[in-house]
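I'd like to ask some things about the structure below.
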Amino acid sequence: MKNQHLKYKNKKAKKVTEKNGLPPGSIYYIGNPNDNPSQITIVSYSKDEFSEIKTLLVEDCFAEKDSCNVNWINIDGIHNTDNIEKIGLHYKLHPLLLEDIVNTEQRPKLEEYDNALFLTLKLLSYNTNTQEIDSEHVSFVLTGNTLISFQENNADSFELLRKRIEAGKGTIRAKGTDYLLYSLLDVVVDNYFSIIENISETIENLEEELFENPNQSSLQTIQNNKKDFLILRKAIYPLRESIYKLQNNDSNLIKESTAKYFRDVYDHTIQIIENIENYRDINLGLKDIYLSSISLKMNRIMQVLTIISTIFIPLTFIVGLYGMNFDFMPELHWRYGYFFVWGVIVVVTISLTIAFKRKKWF
Amino acid sequence: MKNQHLKYKNKKAKKVTEKNGLPPGSIYYIGNPNDNPSQITIVSYSKDEFSEIKTLLVEDCFAEKDSCNVNWINIDGIHNTDNIEKIGLHYKLHPLLLEDIVNTEQRPKLEEYDNALFLTLKLLSYNTNTQEIDSEHVSFVLTGNTLISFQENNADSFELLRKRIEAGKGTIRAKGTDYLLYSLLDVVVDNYFSIIENISETIENLEEELFENPNQSSLQTIQNNKKDFLILRKAIYPLRESIYKLQNNDSNLIKESTAKYFRDVYDHTIQIIENIENYRDINLGLKDIYLSSISLKMNRIMQVLTIISTIFIPLTFIVGLYGMNFDFMPELHWRYGYFFVWGVIVVVTISLTIAFKRKKWF
Amino acid sequence: MKNQHLKYKNKKAKKVTEKNGLPPGSIYYIGNPNDNPSQITIVSYSKDEFSEIKTLLVEDCFAEKDSCNVNWINIDGIHNTDNIEKIGLHYKLHPLLLEDIVNTEQRPKLEEYDNALFLTLKLLSYNTNTQEIDSEHVSFVLTGNTLISFQENNADSFELLRKRIEAGKGTIRAKGTDYLLYSLLDVVVDNYFSIIENISETIENLEEELFENPNQSSLQTIQNNKKDFLILRKAIYPLRESIYKLQNNDSNLIKESTAKYFRDVYDHTIQIIENIENYRDINLGLKDIYLSSISLKMNRIMQVLTIISTIFIPLTFIVGLYGMNFDFMPELHWRYGYFFVWGVIVVVTISLTIAFKRKKWF
Amino acid sequence: MKNQHLKYKNKKAKKVTEKNGLPPGSIYYIGNPNDNPSQITIVSYSKDEFSEIKTLLVEDCFAEKDSCNVNWINIDGIHNTDNIEKIGLHYKLHPLLLEDIVNTEQRPKLEEYDNALFLTLKLLSYNTNTQEIDSEHVSFVLTGNTLISFQENNADSFELLRKRIEAGKGTIRAKGTDYLLYSLLDVVVDNYFSIIENISETIENLEEELFENPNQSSLQTIQNNKKDFLILRKAIYPLRESIYKLQNNDSNLIKESTAKYFRDVYDHTIQIIENIENYRDINLGLKDIYLSSISLKMNRIMQVLTIISTIFIPLTFIVGLYGMNFDFMPELHWRYGYFFVWGVIVVVTISLTIAFKRKKWF
Amino acid sequence: MKNQHLKYKNKKAKKVTEKNGLPPGSIYYIGNPNDNPSQITIVSYSKDEFSEIKTLLVEDCFAEKDSCNVNWINIDGIHNTDNIEKIGLHYKLHPLLLEDIVNTEQRPKLEEYDNALFLTLKLLSYNTNTQEIDSEHVSFVLTGNTLISFQENNADSFELLRKRIEAGKGTIRAKGTDYLLYSLLDVVVDNYFSIIENISETIENLEEELFENPNQSSLQTIQNNKKDFLILRKAIYPLRESIYKLQNNDSNLIKESTAKYFRDVYDHTIQIIENIENYRDINLGLKDIYLSSISLKMNRIMQVLTIISTIFIPLTFIVGLYGMNFDFMPELHWRYGYFFVWGVIVVVTISLTIAFKRKKWF
């Protein structure tokens, strides 16, 4: 478990420096290597219409633009930088914006350009196999009546939302691209809640384990939880800030009636942050419980061992006493001397045992 | 005690993610399952009149609306989402507002809508059976001359206030819905004081226990106190913020003369926060005292045991000495050799005991 | 010492909740029970005149009002709520203001009313008998040319100031009620300096004790210091805020020329806060020194005991060796075998002792 | 490794106080002694032209000034204060600005003068030989169409950028001195990423080491990491502030279209700061793991040793028992008494071993 | 070393409360008792002229006032409150200002009066004899073309600056009183750098000591360093604030061209603060290293002692075995039984020693 975390960090961090020496604005993908072609999904809808096209050709995106529907272009896989460049050219996007789409190490942020709103964030998910948090770099570009979403991996996380749009559930079909952006954000933020749930379960199990059977792997779990909280914080704090700006945004890309919804997502991010900070605190408390439990356990063992020695050392003295070779030792010639010594041994053992028991020493 | 806390947390957190995948604005109850019907109490009063109706039918609420009295509709139980929806429809409340009423995981907040003021908060109470803090999700909607209060549980926490209104005590009958809101808030905040009292007692008992007889359950209590403080903070910090906004509110739903009263409740929330932070600090200090006490106790035991060994080991050497089988050992043939050895043993034992006593080693 | 602190806290906290259920604005005294009548002192002065009346009748206060002098009414004992109500009625004070005068748990604050300025604070004093900080609830009401001061206890803390006014020392006789308020504040703040001095002495003695003879009562003192700092912070932080507001106050009750003096008291509160934070830090450091000293002491004892055992265990082996009963053991038949063994024992003992000494193990 | 850090700190700090007593504005170099002459490189370029001159004479810089190209004068080595003074005279730079160029202890800052923009910062690099962070004092002066860069050491860190300009890669040839300043900053900030990568690797290796074989040098590494983070913070926090000011700069030396690029570097500094804080946190966690591991390891050893003693002490008692010299001890005369005792010894040893194993004591 | 710190603190703090009970504005000196007369130095200079008068009569100061030169009056020793009062009268200074000049416990601050600028601060110096920080209370009053400086001790710290003015070094002779104030501040702030250097050396030596030979005096040094940092912070934080105000001052006492110089001193205070915080952090880390080193050392000793016992206890068992008195023990009659036992003893000793060595237990 530990090694995976380490590997994960190392793997990514190494790649950032690969970009050193390149002129700024270069579109250079530094994420996990990926050989699959980028999958493109184009969805157009209005209150009454719905169309969905799945394609591998980026040029298919450019045809739809004139229709009065909401256009949602979703790109799964950002390793194909050619596609990104073509979209950038067609929608007249700034080179720095394109660079941020493919820079998987970019922290979440909201940027306003003359003709577009750019939001990049982390889609986190708890990988139950590796017991670590998987982080996916996701970006949204809102330009005119088109929203383009870029996902790092090929697994499409917004499939469910597309189904809901197709089925016409809720009010989304009646609303614009800004409401679509809100719905996508809502999906992302809901995922954070799932992760917190997973961590909270880990912490609860850990707490029981600590009181019952503390072992060194517990400390490792506590340290790993700590790292998970760092990953979460790194993703959610700048996102909160971005959503706050979105909610107070005065560009005409976000309608005023939608601001209330962004405020709602904003509230959720605050709730997530509160949860993170609380569980972080509890996790820190577990460290103290671990240290105390482990030392208590150790001390108890030593105590029992020492008690055993302490009982036998006086006995050894007694039998040593009658092993002496003095010419004149009256007890040695007593008829029941030997049995008398056994009596003393039994009395000493029992009284020491009772004394220690009474003092609750074991 | 521990398990209850764990269960409590787990139970709730699980349910938040049940909502994932639902369109936003869905009224979906995620609190504890509840089979009882929601109890509705409708109170109308002015300086001279007072009427109270208890009903199970939500439609009864809608008749009163035209009277010039203050109308207070209280709903005990928010699991019946149909009722909530009907009220929402009749009073033209925003879907997000209705969603927050039934979302028991929603953090306290104040929201202003065009026609209504919405305040949601946590009513905390100390459950002496389970020794944990019970949290109830409570919401207030202030619209026109009507105040609607929603309580998660069927136990009515505002019964006493209703009695006071009926009896005409204080100035409440002469004032409007804003003063009623203040009175309800005052009840909620007074409950927080009771909880702090309970925790302060736990901490005082714990402190005495720690100096007299520290044991591992103490550490568990310290950790549980820490969690209680987290629950309290989660409830009171956003509430303070909401009351602050209420006090500076410029909507015509809150009269200026009532603002002074909200400032008073605001002061109380600050006092509660100060108490929480102080007891948190003391609780943290107890952890150090526990760790130090437990290690002191352990060390003392080991010390006594080691002293016993240290006294007997030289004695065992002495008796071993005269157990040797040399042909020529003059002492062995002395008349009182054996008694001489006993003398040596007694002298060594007494002098070691005195030496250790003098150094205050036991 | 510890119990007193605990009692002190418990006693007060319990009473706050007695007020739960009462309508807001109720004048309900929750401080220590007190059977003495409230002592009232009425002082009137101008540059040339000075009069002082001591009375038990609150009505005597109301006669003076028309004179052009500064009127200072001082009430010792706020348990007599009738008096408070009568004063409130005569000077037209808001019910919430009166409630705060008798609520001994009220935190320090400054409130501006239309016709009055209200300042409540804590007068702290170090009780050398019980070795704890006594906290007294004190309030000032500034209305027109009258200043009313309310003290919780019968012991009059402002006696000295009254003497100074009577003697005409300083410039106070030439100034107004605002300067009187400043002079009273100055007395209160000076008391805080005395307390910090007391605590600093405790900490210095503790520090020496810790390096010389640490014991578990030291830890208790450290924890009690911590609580004292909490009491101080609770009193001084909100007071600083209040004085800051007073200094920037634009009501005509505070003259501009007096603001400079309030700025001076404000500076003193900051100095007190700096001292508190510094001593808190030092106190925390003492905890580490305690823990380290106590464990060092313990370890040294164990080390000495173990060294004694370690020297005797090889000796016991040697004498055991020649206690064996083999038919053929040449040393046993040596003429000086026994003395040879003694020689070995002495050599082993001395060399082990020297070895341990050289390594500075004892 | 430790000593190098210490030396590094000491060496520099000592020299700051050498300046005490000098009048302010004195150009006094306090960095590492350096005997090499300062190397000067003058680069002039526009979209179509590129010229590069390497010289040792500072006067060569002053000829180029009139050409309409971008002029970049780079000085490697600031110990030659004569050169600095001549440049200051020619470009009319403020004495305090010149003082800051040669004061290698100056913290990063941005200063606006009437005719110039002055930015000083630290170029950090990880020295793999000494395993420490090398800090180089670098300053930029932007005046008219000339940018002057001052580097403390002779090793030119901007060589690569110059090559890129010569090759005409990217858009830099088409842009002005402000974009050149941005490009230089980008090189500096990219270096920080490399350092964080190095530290992150150290921390990961350390973490594995701690779980497998903790030793005291680990603690030293943790303390050294801590110092590295302090060096990084000291360099990056004020730099972030400076870049923020640069981005919002309204002097006509920075074009508006370039501000977007400075915002990008600003984002990078925030990302570096986040990484520093996260790794600091992880490093702190390692300290706890170290302390816990080392004490666990110690305790385990003591436990095994004590178990060995505990098994042999009862055995020694048994054999002592039959070493007694009583006249009447029936077992001594049994035919198989001796073998019986051996049986008892074997049984006791095995049962104690099993008991300890079952309790998982070793 | 410790006692000196304690004495230093105690001595001063006691005296603050001596002032309790005095009317505000009283000029009461609370610093160290001093019997020497106050030494007064009056320096007047312009670009071309320079005069210096040393006197004991305060009246000599008042003659110079009309000349158009810069007048700098320096008073060494503030215990002579008569002098202070006379100066106050002549220059029409506010009583609170005069009180602050002699109140050696006053924290650094800048105050603007109608006709004067008042700056009070602490001049710190490291006393190598007592190994503690000496704090001197210094005040500056800037009024018209006169600057009056008040020093607590008779040792004149500004002697060097006066020499520099006399020699006409730098640009100071051409500038006004504001530049003189800046030069004095520069001297004070340079002293802080010296102190940080001293502490940094102490910390470096301590660090080496801790890794080589930790002892309890190390902990005392760490605690003393902590106190030194508190003294430094108490002096430098409010000074930074004051210099910031000075730099943005809009009174006509500070010329705009001098503001740049104050900004430079302000930068230095920030650098000092950064250094303090960094060394504080390192000092805290040393505490952990100390605790870990001391416990490691202790544990190692115990381990070696226990290993010695563990080797001898089985040997004692073996020799005890052949000390038994059974009638039938074949080994006792073997020809080489005794040497066989010696063989067993040697084998056991060697194999245990090798086993422990291999496990790196000593």
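Going by the order they are written in, the chains are A, B, C, D and E; count residues from 1 in each one.
As a convention for this text, contacts are C-beta pairs under 8 Å (C-beta built on N, C-alpha and C of every residue); 3 or more make two chains touch, one makes a residue touch a chain.
As the structure is a prediction and not an experimental result, all values here were calculated from the model.
Think of each touching pair as a link: the shortest run of links from chain B to chain E has 2 of them. Taking the mean of the C-alpha atoms as each chain's centre, chain A and chain D sit 27 Å apart. Centre-to-centre spacing of chain C and chain D amounts to 44 Å, using the average Cα coordinate of each chain.
The set of chain C residues touching two or more other chains comprises 295, 302, 306, 309, 313, 316, 320, 323-325, 329. The assembly's chains link up in one ring whose order, counted from chain A toward chain B, is A, B, C, E, D. Residue ranges of chain E in contact with chain D, taken from their complex: 160, 164, 169-172, 182-183, 186, 190-191, 193-194, 196-197, 200-201, 204, 207-208, 211, 260-261, 264, 267, 270-271, 274, 278, 281-282, 285, 288-289, 292-293, 295-296, 299, 302-303, 306-307, 309-310, 313-314, 316-317, 320-321, 323-329, 359, 361. Taken in their complex, chain B has these residues touching chain A: 2, 6, 9-10, 13-14, 16-17, 19-21, 23-26, 94, 96, 105-107, 109, 216, 219-220, 223, 226-227, 230, 234, 287, 290-291, 294-295, 298, 301-302, 305-306, 308-309, 312-313, 315-316, 319-320, 322-325, 329, 331-338, 341.
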